[in-house]
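The following pair of complexes shares a single chain, subunit A, combined with subunit B in the former and subunit C in the latter.
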Partner chain A sequence: MRNIFVIAKNTLKLEVREKILYGIIIFGLLYIFFTLFLSDLVLKELPMVKSFGLTGIYFFNAIVALFLGTTSFFKDVDRKVVYFILSKPVSRAQFVLGKFFGLCMVLLFASVILSVAYIGLILYEHGGFDTLGLLAIAMQFLEMALFLAFAIFVSTFSSSLLSIVYTSGVFFLGHVVSTILDAAKQIGLGGMRFVLVEILYYVFPNLEKFDARDLAIHAVAMPFTSFALAVAYAAVYIILLLSAAIWIFDKKEI
Partner chain B sequence: MATARSFRFSKSVLLALLLLLIVFLQYEYDATKVPLAPSASGSGVSPLMIRMADLGFSPAIASFLWATTMPEILDLFRDRTEYLGDEAFVNAVDPKMSYPYAFSVLTLPAVPTKAFPDGLKDAMVIGNRGLQTADPDWRIAYYMAMNYYLGLNDMKDALLYFDIAARTPGVPQFAERFSLNFGIGSNQRETTKELWTTIRDSTNDEFTKERAQTYIDHLDDLDIIQAAAAQYKEQYGVYPTSTSELVAKGILSAIPQDPFGFTFIINKDGTSGIDLNKLPSYILTEPAT
Partner chain C sequence: MVEFSHLTKAYKKRVAVDDFTLSVDVPIFGFLGQNGAGKTTIMKIIVGLLAPTSGTITIDGSLATHPIFKKKIGYMPETPYFYERMTGMEFLRFCDELFEGGGNAQAHYEDLLKKVGIYGARDYEIRTYSKGMRQRLGFAQALVNDPEYLFLDEPLDGLDPIGRREMKEVMLDLKKEGRRIFLNTHILYDVEEICDEVGIIHQGKLLYSGSVKEFCAGKPLEERFVEVVEAHEAQKA
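The block that comes next holds the complex of A and B.
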């Protein structure tokens, strides 16, 4: 456990020194500042202002997760850091888990900075303290953690460039699998092809369930059970991806 | 060797079990999912296509689109009708965003009739679409009621839509007070009462029937007080300054209890009305933002 914590802490230290991370965060902050101007364009209509802010946080967090998840693992292999760490009494499983938790902390760091700016924006626009907005950001964070786990999993067997392609693909497909299933039902797709679509729907990471932005923007009721199941889904999927990553990494010759 | 194989086997079983658990969680989640609001029909835009590409960004995309669509309302003065198509597009992207509906209901009827003859009709179509799909927003029903009354001279529908506005969560004080008391002036009261009676007697919906009866009771109370004030003048030569004088002089046994909780007053000309300084507590409570 201590080893995991030490690797996580070092990952955090290493990644927060990255200039590109600050670049993304600064762009995120600039966007939230720009939302002040956008809110004037929509006559300060609060649901619209919230939609701009929450989407901005989501978008920039996704960039941070994609950047961290697909590069951090490779950097350690490239810079031979992994040899140094694994020569100590540290297992490969501990290394993978340490990387994951460390990257989650970096993501949390970026999320907190952007969230503070967002809360400030909503307060400035007389929207009060946006508790539901924070809940939506927490759900976004969960989605990004799953996203990171997938990136680490892919990084264990493919190149950095392919990791970016696969992870971006998951991001896109994870949001459209529900629509694909609906479309298949609408056009009356049957037989084996429909079964394949169903397998895709149930097995592929379904990221739509982490979209609680409607809850914050439109006050659409989201049952507690939905929240609980979404959290459980993320936890189980992350365990699955990290287990698979550990398994592959264990077999890998380095 | 055998141990290593069994370890590998148990790992595979674990991964398969986790995958099964994921399928189960997805299945359970679907059972709790809140369905999306239906998209605007007849917009010429496939909501499926929009949702295919939106990656969960639809509220923000709709807001961005709205920022560019709103100024197009001015183009209607130049006989360019892109606004209508683009507004429907915004509704299709995020059917729950209420402001585009409210804005259209308010502004479309103001477009000069010659250049754009269907402004009022289109406003009502958009408004009804908003009432069915958007977040509860008192402005949609309130502006529609205004249009019915001022633009279409349709007092009956104006009353119904003012009632919807008054019942919408978050309605501000002034709008709720105005909506509940629309048509109570002594020169309009009889017509208003007749219309509510028609609504009550012609609907099969129990809630509307009950609601119409509440308005009729509200108007009856105002009539009772006005009649009592007239009787007071006959007896004492002047109108009473307050409703309590009617009870004190034995003209009324008690001041009627208003079903909406307003306090009645008697104006200088003997007509009855409501006291704007003593509003019911549920109206005085600030609406949630």
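The block that comes next holds the complex of A and C.
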């Protein structure tokens, strides 16, 4: 446990020194700032302002997660820094978990900065604190944590560039699998084609479960069961992905 | 004592270490061989970075795979790579914290950096270090847990003559302190100067092990090394 913490802390320390992280955060902040002007175009309607703001945070956090998840773990292994770490009393499982939690902390760091800007924007424009918006951002964070776990899993057997391709693919499919399944049911798709759609649905994570933006935009509270199910779904998926990553990394010749 | 028993490491089409059996009980032992001879593979198996295909390594009677063993060793990889944005001091602290009870006082890291001669650069980011400074930092991190056994892969590579002299003196000091050192090298002069015994490795096989003096039998080490390797090649042919 201690080694997981040491590796996580070190990962956080290193990644927050990366200029590219600040580049992404600065663009995210600029986007939120521009939302001030966009809100004039939509007559300062609160749902539209919230929609712009939350979508911006989601988009820039996704870039941070993609960048961190596909490079950090891979670089440590590819550049052989891992030799120093694994020749010490550190198991490969501890290394994988340490990297994951460290990257989650970096993501949290970026999320907090963007969230503060967003909350400030809503306060400035409408004088109210957007609690539901914060909940939507927390749900987005869960999705990004799952995204990171997937990127680390892919990094255990492929290059950084391929990880970007695979992770982006899963990100896209993860947002459409539930729509595809619903559509297949509606049109009465049957036989092997429906089975295939079902397989797709169960193999790829259903990232729509974490989308609480629409609810937050229209000031509708998320039902507790939906929230609890999403948390459990993310936890199970992350545990499965990290277990697979540990299993593969344990067998990898480094 | 370190004992290798029928150690073999095979990849799909290549045997990197071939039925390697050896007992070592001297303060400084050098693995000598050409590039690709299998020295690095053996060292990576010892420190747990690679799993052998078959065979075992025991250290003081316990299997090297036992977790307690890693607390007793220090390892310096060949051409070490670091976290470039860390300072030398931060890197030592990080390495130390990976040991239970690690996280020593600042003075411990300062002493190590002084010992390897890069104390002046302790607060510089590693990306600004020269190759020689990186070698020295790699050496320092191997000492951070006060190890009984040191496994150094080409530790003198990339150092200038003064640096080589200094590092050899550090190794001889460590020998006086009672530590056991294993080093991989292809630089024959260093072996002659500091090793008590050597193991000649060629294509994953151990061709000789014993004292340098006996091995040389009055001839220059380089000449004997070439003779032994060529004789092995001729025998194979």
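The criterion applied here is as follows: the second predicted complex is superposed on the first by the 251 of 254 C-alpha atoms of A that agree within 3 Å, B and C clash if a C-alpha of one lies under 4 Å from a C-alpha of the other, contacts with A are read in each partner's own complex, and residues count from 1 in each chain.
Definition applied: contacts are C-beta pairs under 8 Å (C-beta built on N, C-alpha and C of every residue); 3 or more make two chains touch, one makes a residue touch a chain.
This is a predicted model, so every value here is computed, not measured.
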Touching partner for A:A230 - first (subunit B), second (subunit C), both, neither: first
Partner chain in contact with A:L240 - subunit B first, subunit C second, else both or neither: first
First (subunit B), second (subunit C), both or neither touched by A:H175: first
Subunit B or subunit C, by number of subunit A residues touched: B
Subunit B versus subunit C as contact partner of A:K209, first or second or both or neither: first
Touching partner for A:T55 - first (subunit B), second (subunit C), both, neither: first
On subunit A, positions contacted by subunit B and by subunit C: none
Residues of subunit A that touch subunit B when the two form their complex: 38, 41-43, 45-48, 50-52, 54-56, 58-59, 126-128, 171-172, 175-176, 179, 182-183, 186, 201-203, 206-209, 211, 213-214, 217-223, 225-226, 229-230, 232-233, 236-237, 239-240, 243-244, 247
In the complex, subunit C residues that touch subunit A: 11, 47-50, 67, 70-71, 73, 75, 77, 80-83, 85-86, 90, 94-95, 97-100, 141, 145
Touching residues on subunit B, where the partner in the complex is subunit A: 11, 14-15, 18-19, 21-23, 25-29, 32-34, 48, 51-52, 54-57, 59-60, 62-64, 66-67, 70, 94, 96-99, 135, 289
Complex contact set, residues of subunit A against subunit C: 2-3, 6-7, 10, 13-14, 17-18, 79-81, 83-90, 253-254
